[in-house]
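Going by the order they are written in, the chains are A, B and C; count residues from 1 in each one.
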Amino acid sequence: MYNQKVVDYFMNPRNSGRIEDASAIGEVGNPVCGDVMKIYLKINPQSEVIEDIKFETFGCAAAIATSSMITELAKGKTLANALKITNKDVADELGGLPAVKLHCSLLAQEGIQAAAADYYMKRDGKLPAGLSFPESSMSNGGAEEERFVSEDSRAAD
Amino acid sequence: MTAREVYLDNSATTRTDPRVLEAMAPYFSEKYGNPNSLHKYGREARAAVDTARAQTAALINAEPADVVFTGAGSEADNLAVKGAAWALREKGKGAHIITSAIEHHAALSSVKWLGKMGFEYTILPVDGRGMVSPDALEAAIRPDTTLVTIMFANNEIGTIQPIKKLGEVCRRHGVMFHTDAVQAAGHIKIDVKELPVDMLTMAAHKMYGPKGIGALYVRRGIKLIPTLHGGGQEFGLRSGTENVPAIVGFGKAAEIAKARLDAGADKKLAAMRDYFIEGVLSKIPETRLTGAAGDDRLPFHTSFVVKYIEGEGMLLLLDAAGIYASSGSACTSGSLEPSYVLLATGLDHATAHGSLRLTMSHETTKEDIDYVLEKFPPIVEKLRAMSPFYNKK
Amino acid sequence: MTAREVYLDNSATTRTDPRVLEAMAPYFSEKYGNPNSLHKYGREARAAVDTARAQTAALINAEPADVVFTGAGSEADNLAVKGAAWALREKGKGAHIITSAIEHHAALSSVKWLGKMGFEYTILPVDGRGMVSPDALEAAIRPDTTLVTIMFANNEIGTIQPIKKLGEVCRRHGVMFHTDAVQAAGHIKIDVKELPVDMLTMAAHKMYGPKGIGALYVRRGIKLIPTLHGGGQEFGLRSGTENVPAIVGFGKAAEIAKARLDAGADKKLAAMRDYFIEGVLSKIPETRLTGAAGDDRLPFHTSFVVKYIEGEGMLLLLDAAGIYASSGSACTSGSLEPSYVLLATGLDHATAHGSLRLTMSHETTKEDIDYVLEKFPPIVEKLRAMSPFYNKK
């Protein structure tokens, strides 16, 4: 189901855990499955570079692997650049996810967004003008081509 | 010297090719996972099912994702006929179905059951060779016709229908077309990219694969209402834990059949068939072939009516001689009616009683046929000697 | 040293017992006849089916003629539920069905499909242990209730229902009672002469038999409308060429299971189960058993919810350690909803996400269990360390 890289990022998660003196924390829930991700950022106040980043995720293996991957991608980037990372970038970087698991990568993208929002709200009490959050690129992700009248399916019983 | 045994009931079921059994074997007690499980055993079962689906699809030049495995050929017929009829009625497209008089019970009884559920249906007649006429089909199509189901080739008389023409009529009228290819698949070339068919039924055990596994080809975009509800396996169309070993066996059987067809083995078998038919007709007077001849007939299939006698007697005497055949006679069925297929071709009751079907496999040899040609005539003689109808010379 | 492999997904499917495979083997390529053929090959296939039917019936103390083979456990559920509901409605007895919230999809989806066909139904709740209350059943029965279907034992949480009491309620009200015993048959004693059940579903692949074969016990005198139409095999209730090797395998598996039950092997397994459960609960904090305990639980079945983490992660890490388990978590299913069974027992969504099922076989050893008890706790620790909900000490 999952490719080797996804399995590796799940089995050996990068940057999991907390930052006790984080500059910002983002927490998001996945509306599709109810899973939750928390992102901790340590941000250099001058350069706005993400110096440290950690995650905690309650979710499936894909959620953990994508969390893991986005922390790697974001680390060392400025906050503005980190915000350009889309869930598709994360999935691509992992070599792809199964269609039914594309929604899981949303947690990662939105986790960074929520943390950034927390950072700016704490600092300025508002979001900076012109800051744009990428639109999710999975509008029909996961939706299998609907061809049969199908019941909901379950795992092996 | 052991007596010769000649199995000539390959339309009923075939011997599982040992290579097929070999492919299946590991999936019972070694790789026994449920394909829906996430762990290693599940993944290896899933991979095996995927491979088999691709092999089975390749036999008829279909895409793997358009092949649904079922628990029998009959089940695939039920799914196609009922599933499409319900789905199209639900969409408000109508509730009239067309079929033929010589369909297998699986299709015919499904249509009749739908009749009880408020559907209407028309049963098309066949000619003396068992052929459905495309013109008759066209004439029978009504504005509320949604589905036509006509078999690819008949099990009792071996007749191959003009599927392309029949399908074209359906296409022209925007009617869905299902064909039961249980007897045809693996035995003659079928290409769903060229044929205007929407659904096509196959069964592994009629092509040297295992029993208990069928398949339905469903053209992309067609929606069916499942007949078996549950866990949603097989794209939601056939619930129930996948029968992994049997599916693997189907795949292997399809692969072997495709290689054989590509090598033209069906042509060779057809030549032996004609030698066989010729031998029977010349050695046994007042006997005729039932069904069509030549290219309009399944290459492994022979069937006859032998006048003045009854099928069961022939079967039992042939059995005693190590020749295993079948009959559409009344006495061999629970119903006590002779085969409706033979009656539909215009045979009278008494003649239909004397039916005999001898269906070969790729293992049948010329020596086997010669053995039958030696044993069969005296058996007929013996039975005719007891018949009140037979005018002894 | 090869790493240990521990298959603990026996509720999903079991390894075919090599003795079962051995019994099946001749029916593929040697005795490959169709049981409906009159000749020698057909007769030997028929004899094999008869023997297997007797063996399968004996497992539940039924008469052979009361057991119908189907292509899957799911199919037997569909046949029982739809077949009885249609037949009773046709007789004018009513069109109300009662079932429970934790049925397998095969029964539940059949009931819901009937709902679309004009039937009414009531879904009974279960308590925290997954039990259906006989009083609640009695209260739900209406004058037009014709059929109750409640499973013998649940696949996800192992709970065994009070079938005798539930059946007595049905008897008292003259309502037909079907039970899905797919998880129970072969694992605990079942005697249809003592139990007030009218129909009972089994599946060979859950009891060391082959996949692709189910069976429905139908008490004498009960009329069902078939769900699969065709040649009229299996007493007219399940058309399609009989899957002889699989039927033979079912018979053999039933025979072995009966001998095992007679020897009390289920008791031994239950003791190991309790050792296993005890070990998991004591080694992993904030974990609880789902379903019932003791005699109200399947002897081979354990299932847990592990707080703060999600099932799929556990499955994959266990898989890497050679431990093969399953989960009712949303993420492991296509539906993205956690198991409706777990929710029905009162668990909240987040807790249900952390479900894990470990189901043993008769081949599972104490060393296997100890291995799991060694590997499992650090896996939970590792995942909890990543969880936003877990409050590290």
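Definition applied: contacts are C-beta pairs under 8 Å (C-beta built on N, C-alpha and C of every residue); 3 or more make two chains touch, one makes a residue touch a chain.
Each chain and its UniProt protein: A = Nitrogen fixation protein NifU; B, C = Cysteine desulfurase.
Just so we're clear, the structure is a prediction, and the values are computed from it rather than from any experiment.
Peer 1: If you average the C-alpha positions per chain, which one ends up nearest the average over all of them?
Peer 2: C
Peer 1: Measuring centre to centre with C-alpha atoms, which chain is farthest from chain A?
Peer 2: Looking at centroid distances, B is the chain farthest away.
Peer 1: Just the number, please: Cα centre separation of chain A and chain C in whole Å.
Peer 2: 39
Peer 1: At what distance in angstrom does the C-alpha mean of chain C lie from that of chain B?
Peer 2: Centre separation, chain B to chain C: 34 Å.
Peer 1: Go ahead and note the Å separation of the Cα centroids belonging to chain A and chain B.
Peer 2: Each chain's C-alpha centroid was found; their separation is 54 Å.
Peer 1: Residue numbers in chain B touching 2 or more other chains?
Peer 2: Residues 34, 36-38, 42, 229-232, 239, 241 of chain B touch two or more partner chains.
Peer 1: What are the residue numbers in chain A that touch two or more other chains?
Peer 2: Touching at least two other chains: 151-157.
Peer 1: Which positions of chain C touch chain B when the two form their complex?
Peer 2: Going through chain C, the ones touching chain B are 7, 9, 12-18, 20-21, 25, 28-29, 32-34, 36-42, 70-75, 77-78, 104-106, 109-110, 112-113, 203, 205, 210-214, 227-232, 239-246, 312, 315-316, 318-319, 324-327, 332, 334.
Peer 1: Would you tell me which residues of chain C are touching chain A in their complex?
Peer 2: 9, 11-13, 104-105, 109, 155-156, 308-310, 312-313, 316-317, 320, 326-337, 339, 349-350, 353, 385-389
Peer 1: Looking at the complex, which residues from chain A come into contact with chain C?
Peer 2: For this pair, the touching residues of chain A are 2, 7, 10-11, 13, 16-17, 27, 32-38, 55-64, 100, 103-104, 151-157.
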